Amino acid sequence: MSKTLDLPAPPLQVSHWFNTPGPLTLEHLRGRVVALHAFQMLCPGCVAHGLPQATRMHEAFPPDQLAVVGLHSVFEHHEVMQPAAALQAFIHEYRLAFPIGIDQADPQGGAVPLTMRALGLRGTPSLVLLDKRGRIRLHHFGRADDLLVGARVGQLIAEPDDGEAVRCDDDGCRLPEARHV
Amino acid sequence: MSKTLDLPAPPLQVSHWFNTPGPLTLEHLRGRVVALHAFQMLCPGCVAHGLPQATRMHEAFPPDQLAVVGLHSVFEHHEVMQPAAALQAFIHEYRLAFPIGIDQADPQGGAVPLTMRALGLRGTPSLVLLDKRGRIRLHHFGRADDLLVGARVGQLIAEPDDGEAVRCDDDGCRLPEARHV
Amino acid sequence: MSKTLDLPAPPLQVSHWFNTPGPLTLEHLRGRVVALHAFQMLCPGCVAHGLPQATRMHEAFPPDQLAVVGLHSVFEHHEVMQPAAALQAFIHEYRLAFPIGIDQADPQGGAVPLTMRALGLRGTPSLVLLDKRGRIRLHHFGRADDLLVGARVGQLIAEPDDGEAVRCDDDGCRLPEARHV
Amino acid sequence: MSKTLDLPAPPLQVSHWFNTPGPLTLEHLRGRVVALHAFQMLCPGCVAHGLPQATRMHEAFPPDQLAVVGLHSVFEHHEVMQPAAALQAFIHEYRLAFPIGIDQADPQGGAVPLTMRALGLRGTPSLVLLDKRGRIRLHHFGRADDLLVGARVGQLIAEPDDGEAVRCDDDGCRLPEARHV
């Protein structure tokens, strides 16, 4: 499990967006559960498992409950996969319909792009689930099981919307922490 | 969608239990989400999809959160599938590890067994999900998608345990209905 | 590999036939390649792999080139799987369309039925391929690869029909052995 | 069925080879059955079906019986897929172990590369099987069934090696055509 679990997700650092009229930010997606799917075009596990699962999630859940966002996080074969035209052709051929951003290359020349590094991803495919408040609630590298991913998404969708995580017990009903201020 | 949705599930009427030290009742399972998988040994869709999904659910979720229960609801080829010895061999060969009950045959001689009729099932495989309070929350006939089943299970697991479905809004926090009495 | 390889197949010993107007004998099938698929109703590998492959073979090859024959070779759970009515229901539900025979139970009370024993099968599913002259050319226990099974069937179909396995080399063209008599 | 069936295959026109010490020609492969798999990196059906089948064929048959040859026949998204470096990375990531050639781009600027045009392929994935004498014996566009491909390969492997397609019947044994000269 990642050290970033339950922390607010870092901002998306994206150099180019596809399938969206304008740039996406996590602030815009607040109030919805967010599934970030990090992938690379030439990653066999991404093509065989990660991206088909992203598509199934995009089709299975209403967009006001779950936002699926792809992240092209290139950390190898940069010269081949970096160009936006290559990803554009890939998105077209694989009929990917959800918003996809190119993870910003490291200006210092490091191999790992910025969002991938900030999220602490171990590789591709990776799935990161954010709750409605933008906190990281699942961090998964490799093939992820549909039942378990579905269960986590269902649980996050069921949580109260705006931070009002009211907890009632025999002592009474507590105000959510955020309200203590 | 079934007319029984959101109603309390009728009691299980079972003539013989496997994989459990004693008879199960829905009362015993109160407080946990329950997945009822109705099947027939000679139903190809049950063998190919329904029972493998039941096994995956049994392995994916902790038993104190989700109880998986099989129901052998024979409505055709009775003379072949009715005998408990046949189901015993089937359970052994397919390594089914969750509790399974033989749905009670209709004493009036009808083809449809009693629990299947009370639940209003359309055939096999069927999946019925009960919430922690024993109410029917999903009713699915045929092959069911892992993502969507997982999402519903996750949502039901996330719901408050004992009927305290507290709802807080700008007006305040309401007592759950059950407490109005 | 089996000791029976390249030997003539022993006769089929069958107590009951399905999907054929009359009993089948290997003599009747001479001149065609024959695929014997031994299975048991309650054998998960047979239901998941063996029988679907038998159906694919039955659909992929013309009947005058390949004859697919199922053999219900029960060596466990006899009381449940032995009755012809059980197999009849199974054949109906799984829509098996090729001829299927019930392997004759051992009159001495042994667990292994007679054809299974004569063929030296190790279990179910088993696939036995006979060439056009009735000799055993493949003996496979467990899941068999479609490419390799297809290759062997294609090779056997390509062999000369009636025993005229003419072999020509620098010395000339030899008469097939069968003609030496 | 293609008009080129049973005709000698046209020569491979390849601008760059991978996984082979030197350029391959069909003459070098004479005496073996040849499977030509035409694909494009960004073609989903090639990645999901065509290339895995090529790999299975490469692993299932001895190299002296069947030669598997990939052909990167780019007819769309040229700017992205044309560069050899892109294909190099793809071959590495997908662990493709058989010889692969880049189909020579049309010097007139046409979209379809030269070997693809000479073979009359309809698209990718395409599978072309050549017999031991270099004649085209199967021409398949799209997903191809393992059983049927296996059967054709098995049949071609079983055919005499060097043109000695001896045919014996009641009239006698005829010399192969090639020997009439």
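Think of it as A, B, C and D in the order they're written, each chain with its own count starting at 1.
The rule is simple: a residue touches a chain if its C-beta (ideal position, glycine included) is under 8 Å from a C-beta of that chain, and two chains touch if they have at least 3 such contacts.
Bear in mind that the values here come from a model prediction, so they are computed numbers and not experimental data.
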item: Shared interface partners, meaning chains that touch subunit B and subunit C; value: none
item: Centre-to-centre distance between subunit D and subunit A (centres being mean Cα positions), rounded to whole Å; value: 41
item: Centre-of-Cα separation between subunit D and subunit B, whole angstrom; value: 53
item: Interchain centroid distance [CA atoms averaged], subunit C/subunit D, Å; value: 33
item: Subunit B: positions in contact with at least two other chains; value: none
item: Category of the chain touch graph - line, ring, star, complete, other; value: ring
item: Subunit B partner contacts - residues on subunit A that touch it in the complex; value: 56-57, 60-61, 145-160, 164, 166, 168, 173
item: Subunit C partner contacts - residues on subunit B that touch it in the complex; value: 42-44, 47-48, 77, 79-81, 83, 85-86, 89-90, 93-94
